[in-house]
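Letters A, B, C and D name the chains as they come in the text, with residue numbers starting at 1 for each one.
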Amino acid sequence: MTLAADNPAEELSDLPPSSTEFLATVAARELAGRRRIFAGVGLPTLAVDLAKRTTNPNVELVYESGVVGAHPEAMAEGIADSVLVSGAEAMLGMDALFGYVLQGGNVDVGFLGAAQVDRVGNINTSFIGDWHQPTVRLPGSGGACDIIASAHEIFVVLRRHDPGALPEQVDFVTSPSPVRARAQEGFHQPPGAGVTTVITPLGILRRPDRFGELELAAIHPGVTVEQVRDNTGWDLRVREDLVLTPRPRVEDVRLLREEIDTVRLYLR
Amino acid sequence: MTLAADNPAEELSDLPPSSTEFLATVAARELAGRRRIFAGVGLPTLAVDLAKRTTNPNVELVYESGVVGAHPEAMAEGIADSVLVSGAEAMLGMDALFGYVLQGGNVDVGFLGAAQVDRVGNINTSFIGDWHQPTVRLPGSGGACDIIASAHEIFVVLRRHDPGALPEQVDFVTSPSPVRARAQEGFHQPPGAGVTTVITPLGILRRPDRFGELELAAIHPGVTVEQVRDNTGWDLRVREDLVLTPRPRVEDVRLLREEIDTVRLYLR
Amino acid sequence: MNASKVTTLPEAIGTHVHDGATVALEGFGHLIPFAAAHEIIRQGRRNLTVCRMTPDLLTDQLLAAECVGKLVASFFASGSAGSLYEIRRRVEQHDPEPLEVEEYSHYGMYCRYEAGAKRLPFYPLLSYVGSDLPELNPRIRAVESPYGEGKVYVVPPLNPDVTVIHAQRADESGNVQMWGITGAQQQAAYAASRVIVTVEEVVAPEVIRADPNRTLIPAHAVDAIVPVPGGAHPSYAQGCYDRDSAFYREWTPISKDKEAVRAWIKEWIHGTVDHADYLDRIGAERWAGLQVADAPSGEVSYGRRKS
Amino acid sequence: MNASKVTTLPEAIGTHVHDGATVALEGFGHLIPFAAAHEIIRQGRRNLTVCRMTPDLLTDQLLAAECVGKLVASFFASGSAGSLYEIRRRVEQHDPEPLEVEEYSHYGMYCRYEAGAKRLPFYPLLSYVGSDLPELNPRIRAVESPYGEGKVYVVPPLNPDVTVIHAQRADESGNVQMWGITGAQQQAAYAASRVIVTVEEVVAPEVIRADPNRTLIPAHAVDAIVPVPGGAHPSYAQGCYDRDSAFYREWTPISKDKEAVRAWIKEWIHGTVDHADYLDRIGAERWAGLQVADAPSGEVSYGRRKS
């Protein structure tokens, strides 16, 4: 708390790492320095809004609805909200958005939610259980399977960290890792590097390279390495340069609560 | 001339059949009753303008530049003239125009100029002579090869009628007849019926069906059947119901000269 | 000018949407054709194959009203509002029976309309390499590039019997203009045999023709124009009224309860004679809360040749 | 806001267009980037692969100035104005030497840009079945449909090193708006590694953002914005000035005479320091004759949420 004395804006919060606010602030920090972000449905919409106000004012926000360069006057309640359209730099047709912007290789980070991510970064947003009569029918791909093919890299945010959300292998590969794409021999390999960063309520996992596996790169305050490994569905490697996630700034939390998600749509 | 006594508007001109005005008036009559016309570069632009003012006021004019439902205030000097854009019902992108309007099957008549048309309705707008060092480098396909694949039928207007313009086989098939498309086995056959009508300075040739050959269906005033057959590059069949082309109305000629092509761009 | 295509919603749905038809109802979060879907429910259509990238709660309603035999889609939830429980009951519990689903990614679904509109036998995309989706849906197939870069996945054309969309405005001959998010509407319209467009407003041809680049769907692709102000509620029409986000949030508990959904259909759809009646029941106060302030686009000039 | 991309034409061409580059100069009858092509001539670029659907007299000029090694195109004449004789001399008489040409139909050429913009290895179309074009150009190949409808022709992607276009307006960060005929500009821009856009006017970001649907090319696809009023002359800019049809007609006799073309290049391009100088020499009277009357588009509203 000594830092806080020097600069009140840097005063740090005591949010629990499992809270949406904590996840959003961690995500906003991860987005610093990234130019063009394709934000998916849900928590990513909240995190990119915070990033634009804090870590990355010049970030270009792209949405699958066709919005490019959004300048929303209020928090978007979804990727097709009218506030993303009014005042945007461009409203493209879906063909231009998915075909030219995304598949054309112009997206730096695809930022997605997921139900499950596995060891090599395959994402499941389709089914829990058997495909034909699943326990849970999840939302399906939406744009996720298209985004993972062509965005330079993918960030995923998970609301849970347990072996169900981080299994050795996902129940269904909606959006494949390059590891799995490579196994389909004879196919034109899509250019995306796949999942590079997974933000969970316990820490941050990273894949060191295109064909690598997820490793523990950061743990959140009050979380132990053992706790993370116990709650992960495979024998999780821990990076030697493991770091402790900095706590969110009080100012970030204030922004989230008082200026961004004033209707508490995402902050549940 | 008795008709003229009853109705001055029906007074008939004494234009020579080889004149651009004669060809344009014949073409305008042929376009009567056709709903949606894709007009090519040159004389077709003039003929559709006349048709819209006389035989077919509700015709929808489509141009490869993306114009749909043109309402030009002045004669278009080409298919990309600004007068086709101002006041049009729609300006589509090229993908929508070629992909959805044309390839999607929404064009009734593609109306094209050509250097050569052969017995079965192949069109050459590319080369006279050897492809690799041609005697004449013609304009090439432009949209023609795309139009013939998908417009329901094709009208062609020729400024010459001789064995060079109407050979047994064209020097180069830019825009193929369904006869030639069918010979390419194993290919998805494009839906267009190909050339159905060829208007020349001597008469009108028609193909009775998708896989038939061009036959003489009408001769212009003062032209003999023998003259047409002598000037055609194959043993031209003559239809039993051969008719004499009616002379253009004086009013049509006046429209062409005084209201449409006032700068005499096409009327040379 | 061509003949007027302006008609009523009962007439348009009655004429063009038949039992067993493949019906695309498009609108990506924006301009969702709710009024038209409600009229389909009122008329009791059965066994429809409903095509929609994002089924949204519109599809939950069509399912609960027993209009749907099959669903072709790419996202089975409702944006920020979460699950669509009528879909989940059908898929997870086969209650009241299993639902036939043909599933794509968004871009794959879009490409199906694109292929349909262009009458192409297939359309290539870079997605699906390594995904389980091609195994789930064998209509997703592969093609070898003749230029030596290996195989890519392709999807087949989707050619609905009828496409139903909502737009801000059209003229009576059927030239349709929209702005904001335009989704797959142009492609779904050109892909279909018949096209019904409900609009906030029928405007004079001169309004359309003053800005031809704003026309997304020309008259030749349209069969019926139906003036239905507020026809996208509870979704929105950019510049006309905003999304009724409270309605979406209220849908979740309704959707969770099988009987509540059916009661809702009975009260709000079968219990209203038309969309104007439905909006009346929504109430003037709620409607007033969805109004937006003006944000003008500015003008450009198309120019006129001086004679 | 992002950093300004506004620069000068000599700087933009000097930085982005190199000898031997593949350069798309697009604009379908409308917004043809003449000023930029003239600057390429002034800077003496050599051995360019010029890609243009309709070469127009711009390509005649680039050829006569010895900038071009190869031409990729789909129409080798100038609309209503007839033949391009510099092209014809090169092709028919190999004078001064043969011209390498890669030839498509318009839609085939468009589809090459489309594949390029989408990074697809190929793009299918229904054209060419029975045509001699695939024999003339072996880059047009066939693919078997995996759905059983037989083979269709495909074209390969076209990814220019640089795409050069002209537009009515952009903001300084590079969001480009155009109206009227928009041709293959959006696709050619997204297909390219670098994009130069000359514009009639650089406008405030607020002007662009008031009508986001009018933006055809977002800033992220653009490298240089160059204000060049009249930059499309002798072609036109819808709503700004009309086509100089007399200029096109005058070109025919110039083009027919090999020496006359070269004299024209010397006088009008090398003999002018920039496009403003060229327009000065065109003369105020001639320029005045190309002015158009105002024809306003009308406005729409995008709406603003009331807080």
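Worth pointing out:
We adopt the following convention: a residue touches a chain if its C-beta (ideal position, glycine included) is under 8 Å from a C-beta of that chain, and two chains touch if they have at least 3 such contacts.
Quick caveat, the model's predicted, so the values are computed rather than measured.
In this assembly, the C-alpha centroid of subunit A lies 29 Å from the C-alpha centroid of subunit C. For this pair, subunit B with subunit C, the centres built from the Cα atoms lie 40 Å apart. Multi-chain contact residues of subunit C, defined as those touching 2 or more other chains: 114, 118-121, 125-126, 142, 144-145, 149-150, 152, 179-180, 182, 186-187, 210, 213, 238, 242, 292, 295, 302-305. Within subunit B, residues 67, 82, 85-87, 91, 95, 99, 103, 150, 188, 191 each touch two or more of the remaining chains.
Taken as a contact graph, with one node per protein chain and an edge wherever two chains touch, the assembly fits none of the named shapes, being neither a line, a ring, a star nor a complete graph.
Contact between chains, as defined at the top, is found for A-C, A-D, B-C, B-D, C-D. Those residues of subunit A lying in contact with subunit D across their complex are 35-36, 58, 60, 67-69, 71, 73-74, 82-83, 85-92, 96, 99-101, 103-106, 150, 188, 191.
The part of subunit C that touches subunit D in the complex is made up of residues 118-126, 141-147, 149-150, 152, 154, 156, 168, 177, 179-180, 182, 207, 210-211, 213-214, 238-240, 242, 291-306. Taken together, the subunit A residues at the contact with subunit C in this complex read 41-42, 45, 64-67, 77-82, 85-87, 91, 93-95, 98-99, 102-103, 122, 126, 131, 133-146, 149-150, 172-184, 186-191, 263, 265-266. Per the touch definition, subunit D reaches subunit A in the complex via residues 1-2, 114, 117-121, 171, 173, 175, 186-187, 190-191, 205, 208-210, 212-213, 215, 217-221, 302-305, 307. For subunit C in complex with subunit A, the touching residues are 28-30, 54, 73-77, 79-81, 83, 87-88, 91-92, 94, 98, 103-108, 110, 114, 125-133, 136, 142, 144-145, 149-152, 179-184, 186-187, 236, 238, 242-243, 245, 292, 295.
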